[in-house]
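Please go over the structures that come below.
Across the two complexes that follow, chain A remains constant while its partner is chain B and subsequently chain C.
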Partner chain A sequence: MATPVTVEPAPASPHRFGRITLDMRQNLPPWKQAVFLGGSLAIGLVISIVILAFAGISPGELAGELAGVANADSLRNTLVQAAPLILVGLGASLAFRIGFWNLGIEGQMMFGGIFATAVSIAEIGPPSLRLLFMGIAAALGGMFWVLVVLLLKTRFRVNEIIATLLLNYVAMYFLFHLLYGAWQDARSAFPQSTPYKPFERLNDIGFNVNAGLLVAIAGVLVAGWFIHMSRAGFYMRFISSNPGMAKVVGVPIQTVTFWIVAASGACCGLAGYVNVASQEGRLTQSFADGYVFSGVLIAFLARNDPIVVAVVGFLISVLFITGQQLQVFYQIPFTMVQMIEAIIVIAVASSEFFIRHRVRWIR
Partner chain B sequence: MQLKKIIPLAAVAAMTCGAVAYAAGFTLSAPPKIAFLYFADKGDGGWTQAFDEARPKIEKALNMKLPFVENVPEVAGKITPAAESFINRGYNVIIGTAFGYSDTFKTLAEKYPKVAFLNASGTTNGANLESFYGRTYESQYLCGMIAGAMSKTGKLGFVAAHPIGPVNWTINAYELGAQQFNPKATVTVIFTGSWNDPVKERAAAQAMADQGIDVIGQHVDTPTPQIVAQERKIFGTGHHRDLREFAPKATLCSSAWTWDKHLIPTLKKIAAGNWEPSPYGAFPGIKDGGTDIACCGASVPKDVVAKVMAERDAIIKGKQIFTGPMKDTTGKERLAAGVKIDDGGLWKMDWYVPGVIAQK
Partner chain C sequence: MSVALELEGIRKSFDGVVALNDAVFRARPGEVHALLGENGAGKSSLMNVAAGLYAPDAGRIIIGGEAVSLSGPSDARARGIGMVHQHFKLVKPFTIAENILLANRRPSYRGGMQDIRAAIKKQAAELGFDLDPERRVEGLTVAEQQQVEIVKVLVGGVRILILDEPTAVLTDAEAERLLETISGLAASGTAIVLVTHKLHEVKKYADAVTIMRGGKTVTTLDPKQATAAELTELTVGQTAPLPARSQRGNTSTMLNVGALTYARPDGRVMLNGATFFVRAGEIYGIAGVSGNGQAELAETLIGAREPTSGEIFLDGVGNVGNAPATRRAAALAAIPADRYAYALAGGLSIADNFSVASIRSGRYGSLAMIDRAAMRRDAAAAVKEYDVQGVRNVGQKAALLSGGNAQKLVIAREFSREPAVIVAHSPSRGLDARASAAVHESLLAARERGAGVVLISEDLDEVLSLSDRIGVMNKGRIVAEFDRPADRQAIGRAMVDHA
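Let's look at the complex of A and B:
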């Protein structure tokens, strides 16, 4: 039997259509970075709109609805949501800058809420200063919970990723212990503390802005000054870019690390304070749920820059509120909303690649 | 039934919040547009799915569509935008589905006095806000009876979420029901600390099966304990919905919500303009749309079913299963002979009847 002869096509030249090469970029000017970021965001939105069109929602209809979303209530809700998101973003980015992987954001928020509530229950300070004292206590609470881990890390070389993450559960059960026990609201017999008094609440200060947002903005400004302008901030950049050299030239690594980690915990504690004092009005079970993921995401997207954290925190809040609106208007499933949120986040994250690399096509 | 039976605690709370008499009734300024806020995923297999299954029945009865938003957690910052996006589109009846919405719904009800708010398992009420929950102890008592009849070892288990009044009363009811068939029956309780944690629920149910427990009851939001019961070839009884769907062999019966029975008449009243929200919340039993028993698995003998159904009739006619003399596990008298528990005592229940083995 004759074997049919097959003629192999000539192998294609690997460079027939040229090559794609990658170069590292040095410093891209900020406006160009913004262009890349905006372009990626647009691509993400286009993909989302196409998916929504397949789900039966026409782009024109969508634009009309989203324009209607920009009302006072939505803006207020977006800003209220943004405050804790910005604070946990700051908490994460400060710690990440010196390579301390703080995944204990939720636990530190819980301790912030617990310390603030302790001030309320013990009635420490006059009514006019109560909110301030609660805020300070919350910052100390967050600090306390993260410094436990720093101690474990420096003394016993315990990995902080595991320790911070698992201590979230310890914090949660301590919170439950209080809410099902000593601090339980006797009037409702449900797991929540008695409501705060009116002067213990962060209220709206006009223009649809809640006082919680002021706390977040103050945090951004202090962290921005700290990282970009202070001596400790300079040490911090030194430590993160070359720890060995920093040690040799006598940078006080331990002191700087201590204060940065403490500041990270304080930001998370304040995020807990903002949630309980502005939104909840009392200590509840779930005021810190889900913030580890948000905090890490915001810090990553903002590349650990405090000012950018504020912008990204606001955008994540917009993304969340819009996602909920989509569900309301079109009854699209929650999973689809999550998918769209993920597409936009991935699109924005991938702009990082083009900011860091130049892609060239060589023919 | 006794919808307006006083819950003293809620009454105090209502009064301190400044809500006084609002017997004048509530009237919408436009035809009703009704929307749901769901606590979890609409297909969670339990609590939220029970609402999503009542929804089409309500839609049919009222001849309108009821939109919903899923996964609205118990945080003011997530509840408010969801509710307001409906209100801004002209929706004027908002139905919430979680205890943790209570404070936010109170705030929203004051901000939007022309919108009617209903909230399942909430604690707040007002001129345009009514919380509602079911007398779940009635159906759990009936399930406990079947569990007591079917258990060979006399050791029952109960996977529960949180040690709060509405959970504690289902645990006690389960034990009291089991004692109808087996006076020596015990109920071992494990609290998972969460309404929806299939991993812990599985671990708890498996630990129970290892200890020789052969019927597992539950008050958590997922069907996991039933699935474990089926895997281990023992029995279980479900809650929220008829869980035979997940464990046809194991699930003997379920204590299942009949929300449409409560919500259809309530929503019709709101639409007609003669709704008078109770200052103490609505608290329907089997008769008026709380939980009923979904019964029974093929392995339950007919005479057991007959006895359970007789008790169900007695409950519908007004039998209160928490009637003294009743002591707690420490021997302290909780209800004197002949005394029926009141609603305040139910919501505050932090004690267990003898035969319950709990961590607390």
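Let's look at the complex of A and C:
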């Protein structure tokens, strides 16, 4: 069983530079995996630094900007930005663990924001409980939007990748419909809702920390418990490891899938809530932009582990905030930040290849 | 007459299990030579030796009068021996031409492609196959894929063509066509070796037949001179009479299977009204030539597959429908043939794999908090009780266990819940003698306890020695039933009857 699977060697090549062969590796010790992963990450960062240098930011200036994250104002912004990133990372991780490719993060965020705003507009509940009700509504909104897809998938075998992705557009136009229509702030010409009342906003609680981050940390703890300690999490490992076997030994596949997908949507809904209730203070048309990619990225880099999601989410937030500053001070387009994200993903993804294969050059 | 391929005194063993013991074989050019035998008789092993896949422990391979040693399949191919395996070796997203080029290397891709296309067209025309070299393999029917395999081998200039149970995957009409084609090919001078179970094919198409049993060659004769009954007798052999068993007084029915049918997505009917019942304290053996629906029956019974129609009644539960969880609650235990498909999650730990089946009972913690300590404790105890070897700690991955020990782990888990009905499919496949004996003891112990056991196996000896009653499966249904001690010859005839 431990013998390496070898690709049958090709006949000797007539070319002078020899040939490259690939062998499958069975098992690589964790420290070597870490070396490959770290090495790829470093290569990705070097490529990013070179590209930024060509865009006019010298490595010295870049280091200065990154160090600037440590100052109080930037740190606050970073932590505020980290909350929704961590939440979408959790949403993606949960769904990916059972092979449900939830690419509808943005749509679910929008419905989270819409449901929360509905609670605000309808003035449901007393002021002291309003924030809580908005949060619950947001979680339900995100859940609703992803469960539509689960229904389509289980009933009609619709591919969830396409369905979640395309429903983002449906959610977006529904959001526009509200913001250009019934919910538009009468005192402004912009497509945005009336600002929330002060007690409907997630405020700072000291130490540069916004209450939104508490929501994200609570999410991390709950997701960590769910995956590592609950019975559903135990079942989940069997569903992803061997669905055929899980079915035969009596794992309630449909129930577990339902709750995990619902939890994934709830996390994304909460991300929308955190964004509108802390950063924006009202429903806007762009509060969910770009989060599909970030969520997938964070889940991928964190290998779907909630605790690691928190760390990666914070680092991506640093990248975001630094990117915003570069945008302001150096006129770098924000797409540059997304490009750096992409370079890092490709670098990490390629490390996977080297962890699984041994490349040899035979002359 | 000259001899194309001669195998002399071939021996081969795998991890101490003897697969071939002094096997002899001799095929002449221009003949269709059938190789007949039960599952495990050594037919495929012997042909894998001839095709260079296995290096024999002892014996001589003589090709065209010259003793050779084969370093691998490509060496065998270079010497004119090609084999078409039961499981096709094709790259599905590639076109026919690309697949054939892959197996028949040419110095350059572009020139090679032109060359290969021309060769495919020529070869296909000779055989009467309608193959477009540019079609992708994934879009082809099974019969067409087989044609590609045959053309692939013949394009390489093969003069000895080995076909391993070629008709097992075909419909009757397709099989007929293929065998006609092969006869034509033999007439043009190629030696054909036809590995098969099917007597009527041997009688109709083979010029010679070699019969194998237990890794040895029994005899070679002209099938036209022998009756089907004689061939069956030579194939299944005689066994020592079995000790009669006391019937248990309890005769309540534990499992009732009624008119079970299953059609594959491609329309092929694999189960065609299978009906039988199993009493308490009884082992009901299901014998048959592989591919007659046994795998589908086992998968349907354990809940891995949904039947097209029919009923599965469990004592005290009624029709279980297609909810595996209902079966579990009714204490149905599953010991599937493919352990890593339906019994174990190889990437997860032994403790996880052991406890997953009974976690619902609350034994391993509540919904909110699983009890890993209890899982480890029980798993460790079960590993000890069932003598699962090679376990350093129960946290290690199940995939690291050898076949026999993985099977013991499955049995430990399934028996930990005192099952009322046990479905075992080829439970000793791939196990050595000691591990097989342990598995058989477990099944007999369950019988003693009063469980109803369904034993589906392609190993006739296993079925004969363990079963109280035997049903023979042929073309998706139970065609005959025998009480213990059953007549081996009669079972053999029912298995191969071409009804």
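Please note the rule applied: the second predicted complex is superposed on the first by the 253 of 363 C-alpha atoms of A that agree within 3 Å, B and C clash if a C-alpha of one lies under 4 Å from a C-alpha of the other, contacts with A are read in each partner's own complex, and residues count from 1 in each chain.
Just so we're on the same page, a residue touches a chain if its C-beta (ideal position, glycine included) is under 8 Å from a C-beta of that chain, and two chains touch if they have at least 3 such contacts.
From a predicted model like this one, the values you see are computed outputs, not experimental measurements.
K.L.:
Regarding the shared-chain residue A:Ser58, is it in contact with chain B (first), chain C (second), both, or neither?
P.N.:
Touch status of A:Ser58: no partner.
K.L.:
Determine, for the superposed model, which of the two partners chain B and chain C contacts more residues of chain A.
P.N.:
Result: the larger residue contact count on chain A belongs to B.
K.L.:
Return first, second, both or neither, reflecting whether A:Ser241 touches chain B, chain C, both chains, or no partner chain.
P.N.:
In the superposition, A:Ser241 contacts chain C only.
K.L.:
Pick one for A:Ala232: touches chain B only (first), chain C only (second), both, or neither.
P.N.:
Second partner only.
K.L.:
A:Val328 contacts which: chain B (first), chain C (second), both, neither?
P.N.:
In the superposition, A:Val328 touches chain B alone.
K.L.:
Which partner chains sit in contact with A:Gln285 here, chain B, chain C, both or neither? Use first/second/both/neither.
P.N.:
Touch status of A:Gln285: first partner only.
K.L.:
Tell me which partner A:Gly250 touches in the superposition: chain B (first), chain C (second), both or neither.
P.N.:
It touches chain C, and chain B stays clear.
K.L.:
By the touch definition above, which chain A residues appear in both interfaces, chain B in one complex and chain C in the other?
P.N.:
none
K.L.:
Could you list, by residue number, the parts of chain C that touch chain A in their complex?
P.N.:
By the definition above, chain C touches chain A via 105, 107, 302-304, 324-325, 327-329, 334, 336, 340-348, 352, 356-357, 359-360, 365-370, 399-400, 402.
K.L.:
Okay, in this complex, where on chain B does chain A touch?
P.N.:
9-10, 12-13, 16, 35, 41, 67-78, 80-82, 84-86, 88-89, 99-100, 102-103, 123, 162-165, 193, 347-348, 350
K.L.:
List the residues on chain A that touch chain B in their complex, please.
P.N.:
68-69, 71, 73-74, 77-78, 80-81, 84, 173, 176, 180, 187-191, 195, 275, 279-282, 284-287, 289-290, 321, 324-325, 327-329, 331, 333-334
K.L.:
Which of the residues in chain A come into contact with chain C in the complex?
P.N.:
For this pair, the touching residues of chain A are 1, 10-11, 14, 229-235, 237-238, 241-242, 244-252.
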